[in-house]
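Each remark here refers to the structure printed beneath this line.
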Amino acid sequence: MREMIKMVMVLTIITAVSGGILSVLKTSTEEKIESQVLKFQKAPAIGAIFDTATNDPLKERFKIPTKVKDKDIEITFFPAVLEDGSKAVAFEAKGAGFGGDVGLMVGIDLETDKIIKARVTTHSETPGIGSRVKDDATYVSQFTGMGFDATFKLKNNGGDIDALSGATVTSKGVSVAAAQVKKLYLKLKPQILNKMK
Amino acid sequence: MDNKIKLTVSHAPFWHDGDSICKMNLHIMLAAMPAVIFGIVQFGMPALGVILLAVSSSMFFELIMNFATKRSLSTGDFDAALIGLLFGMMLPATTPWWVVVIGAFVAIVIGKQIYGGIGANPFNPVLVGVAILMVSWPGYFDSDAALLNYQFDFKALAPLAALKHQGVSAIDFFPIKTLIMGQQVGTIGTNFGLGLILGGIFLIIKGYIRWEITISYIAGIIITALIFNLSNSGSYAGPMFHLFSGYTLFGAIFLATENSSSPVNLIPMLIYGFLGGLMVILIRNLGAYPDGTVFAILLINLINPLIDYIRPKALGRGVNNA
Amino acid sequence: MAQSIAKEFTKGLWTEIAPFRIVLGLCPILAVTNTVENGIGMGLATTFVLVFSNFFVSLFRNSIPAKVRIPCFIVIIATFVTIVELLMQAYTYPLFLKLGIFIPLIVVNCIVLGRAEAFASKNAPHLSIADGLGMGIGFTFSLAVLSAVREIFGTGAITFYETPIVLFGPSFEPFTFMVEAPGAFVCLGLLLCIMNLIPKK
Amino acid sequence: MIKRPFTGLSQPKLKYDSVESDPKGPETVLMPSNILLLLNDSLDSLRTSLIKKEDQVKKGEKLSLYTESTEYVISPVSGVIKKIESYPGEFGNIKTYLVIGTEENDDFVNDFEEHADKFELEAAAKLLKSLPGAPPFETLIDPTKKIHTLVISGVDEDLASTTRQYFLSTAPEDLKEGIKILQNLTKIPKIILTVPEGFNVEFEISGMQVFNISSFYPNALPEMIMKNQLKTTVPQGKTCEDIGVCFISSEAVVSIAKACRDKKVHFEKLVCVTGKDGVQKRIKTSIGTPVKSIFKHLNIHTNKNDRIVIGGPFKGFSVFTIYHPVQPCMDSIIVQDAGIIPFVSDSACINCGKCIKICPANIPVNLLVRQLEANLFEEAKETFDLESCIECGLCSYVCTAKIPIFQYIRLGKHELLKMKTETEKEGANG
């Protein structure tokens, strides 16, 4: 009995200490990580999407709180004014891929409601197979010019998205992310316009 | 009982049918000769150079490994020479010397010797060599590009690559008769269908390859290709085209039948061969590579130990009569 | 005492170098050794985890009941792996992106748990640190060697922070097979073979 | 020696020699001045043996080493024991050989005479075991083996021998008489006579069946007769005798008939001798005659590194001395010239599959030999059917890599037997 108690105690203490340390570390590095993520992940994607932006979308970013599946989250939006004067916004959504979530950054023209460009930001897909969705820009270029009347599903599921050969699960994750973008955009468009005034 | 004469004492049986590994390998090499000679005539001296380099470097690496592993010399059984010959036959005539040498190294050292030498290799060593070269330097295996400087009196296109890139309409360039007579762009020793078939028949009659594998492999090719062709003749070529182009016949006769990496019981041999043919056509019709023989046979090599468990019940096993 | 610390430290560098002598930690060595940068990064991350987990396991070795020792070790190891992950995310983000899914796998790397179980749980903290450091550096060295072989033959150059050091001239045609997954197996096998030809001492 | 046929598609056909339609009688080889007797018993220096050097023996005298020994030989001559020494047999089995210098006197000890009129199995086992043809009386009296079928083999098991067929075709009357004696003696209900294909048996005995045996090796092996003719399979690890079938050679049956008729045992053994030129000759000589005397008579010269094979090319054994004596069970002798002895190699199995095709017992020989080479006898038995082997030797005959597979198999079986007896001993002790 005593041994039992000791076992439980030791395990509890160790896990508690470990949890404490980790939570402290997590909060203290959160900001740094976010800036790193912005710098290395979002920035290249934003740069690629808004290659003709006249402003700095990273700096002007704003957050809108919303609910996704009954969970409160904040979504970061990157507004941009393009060379031709049109206003656009970019934000990221996630879909489950093969190794974890696949992040898809989508830039949307606010006037025409059409996708300017899309880029994959983060993923944990198998190198050489699923990772091609990020490395190979020709795959995500199929989103360019799509409107929100399109169905963001894979073609063999009756949608409009081509699958990347050999990486169906990853492609599915990308299409789920795109569908999420559509949903969020349609829901949050008034607030976005409001913020961007 | 004094012993004046020293007699030989050994164990039964005291007769032997006189076969040997050396004899077997020489027969297989002899069977490959029509195709090799045809290739040398067609592609000239460079082809002879590739073949000789492949054979000699294979034997050289075998010798090196014999010394490294402190075993008795095994070049005398001609197994390394056979591997080198078959490997050389699978290369285009223009392959650079260093590619041949690296391939021979891979085939002998990584494909055969590190598993313990003859009889222990789980994969066909020739194919290990060719596959690694194909993955690393696909350019040299693109027969169209490799043989650019040759003048042929037939359509100078590799049939399978043409099929892959131009669709089924391309097969009109290649009448079956020209394919059988080796009038196609390709590697040194795998084009000449007639020569390969003659060699194959010779080996089957002599009993040095297992006919069950060859026949079921060809049956696999024909049946699968026919199913594809019948379901959609606009996108998939017919069985005869598949049978006489690329490595198919060479694979059926010399590669799939490699002793150590293929099964020995009847039913497994039939399954093994048929799956090989099936995989070849699947890779050609659905996969990324124009010719799937190399990977298809490596794949069936993998399942060999598993399917070879299907075997007839041994005499008296599980019998319980009193 | 200094002698025994030195002994524990140096054994991981040669006589018990992982994975060539003790065949442990094959998962990372096969997965991340396609470039030297990745190899060394993975090695250093593992070293960090190894040193700290060894230290803490050794520190608490007398208070951890034998029956729950493996869960305890795993918690300790996992904590340090998470720390490494967070720190890498915060300070070496590009490397983190490359090593991605392999960092959490340090938890199940046999070397870490193996050293905790075989060494740290039986020895004093200072020896355990020496052991962890030696093992980690040896492991890093192995990863560096293997990845160097693969990267040099596979690409003809070694790339550090996106600046390639070209080792062969333009006539070199990369042996692409080496940086692919099967190349890792073949290459590791050949290195193991060579290591076995070299006597331990 | 039969070589591989040109085509490898069909299996090599090894045809049994068949006896001529009008067989020539055997040449008689006279007994030399010294003869040898092999006794299946080992010398024990701690005990005093019943026989020793310089002992006088009489023709027909039963010789055994110790009082409690069941093994014996019957001396075919009168003379003096000149030597008693150990003879190393296979797998470390020690036998004993006796050298007897023959003497010119006709003392005949006839122990059998009193039993000859109405003898019983026990007496037969005690006195007739070393008759030419080696009748298996020990099996017949063994109470643990309920023998219900007696097979009289009129066909030779191995190639290069026609001894049994010779008796089948030249001595049908003796054979008939012998079978009747055995029937009365053993009360075994089922008697079977095996004869070569196309052979007509001229006599009939109630309760006797005649089976024709295919003329290709290994169809005359007991296990194959069981499978093809008797339609029963011998379970793994058991012998034919274990499931109640006993085999006896036609020569043994004829010998029994003669012994009963003449009321004495006799020692004339028929042997087929194949010389270096491949010519087969039939000779008759007394048990105990060294093979050297036979060679001298037939003008066969043995040189260094030649090989003398006793008992057929597939199942026989080779001897290290030209003084090896003729024994009751020795049907044939083959002399091979040093130049034509096939090599054995230490090559690994190359998995060519020829052994699989030829094995009559469906054993996965290619896998089995790998286990045996690594001394994994238990695995070999459990998974790779070591004990299904009927020991025909065909796998070694066709082996391209020239691996001594047959020897590996026999060694494996021997090791298993040794392990089994050791565990039994331990079980008895503990």
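Order as written gives the chain letters A, B, C and D; numbering starts at 1 within each chain.
Operating definition for what follows: a residue touches a chain if its C-beta (ideal position, glycine included) is under 8 Å from a C-beta of that chain, and two chains touch if they have at least 3 such contacts.
Being a predicted model, the structure only gives us computed values, none of them experimental.
Asker: Please list the single chain whose C-alpha centre lies closest to the global protein C-alpha centre.
Answerer: Answer for the innermost chain: B.
Asker: Most contacts: which chain pair?
Answerer: Maximum number of inter-chain contact pairs occurs for B-D.
Asker: Roughly how far is chain A from chain D, going centre to centre by Cα mean, in whole Å?
Answerer: Inter-chain centre distance comes to 86 Å.
Asker: Any idea how many Å lie between the Cα centroids of chain B and chain C?
Answerer: Centre separation, chain B to chain C: 41 Å.
Asker: Find the geometric centre of each of chain C and chain D from their Cα atoms only, then give the gap between the two centres in Å, rounded to an integer.
Answerer: Averaging C-alpha atoms per chain gives centres 67 Å apart.
Asker: Compute the distance, rounded to whole Å, between the mean C-alpha positions of chain B and chain D.
Answerer: 48
Asker: Can you tell me, using the touch rule above, whether these chains form a line, ring, star, complete graph or other shape?
Answerer: Per interface graph, the chains form a line.
Asker: Each pair of chains that touch: what are they?
Answerer: Listed in label order, the chain pairs in contact are A-C, B-C, B-D.
Asker: For chain C, which residues are in contact with chain A within the complex?
Answerer: Chain C reaches chain A through residues 60, 63-65, 67-68, 71-72, 75-76, 78-79, 82-83, 86-87, 89-91, 93-94, 97, 100-101.
Asker: Touching residues of chain B toward chain C in the complex: what are they?
Answerer: 102, 110, 114, 132, 135-137
Asker: Which stretch or stretches of chain C touch chain B in the complex?
Answerer: 173-178, 180, 182, 186, 189-190, 193
Asker: Which positions of chain A touch chain C when the two form their complex?
Answerer: Per the touch definition, chain A meets chain C at residues 3, 6-7, 10-11, 14-15, 18, 21-22, 25-26, 29, 32-33, 36-37, 39-41, 99-100, 124.
Asker: Under the stated contact criterion, what part of chain D meets chain B in this complex?
Answerer: 1-4, 6-9, 12, 36, 83, 85, 97, 99, 223, 227, 232-236, 238, 243, 302-309, 313-323, 334, 336, 338, 341-342, 344, 346-354, 356, 360-364, 366, 385, 387-388, 390, 393-394, 396-402, 404, 406-407, 410
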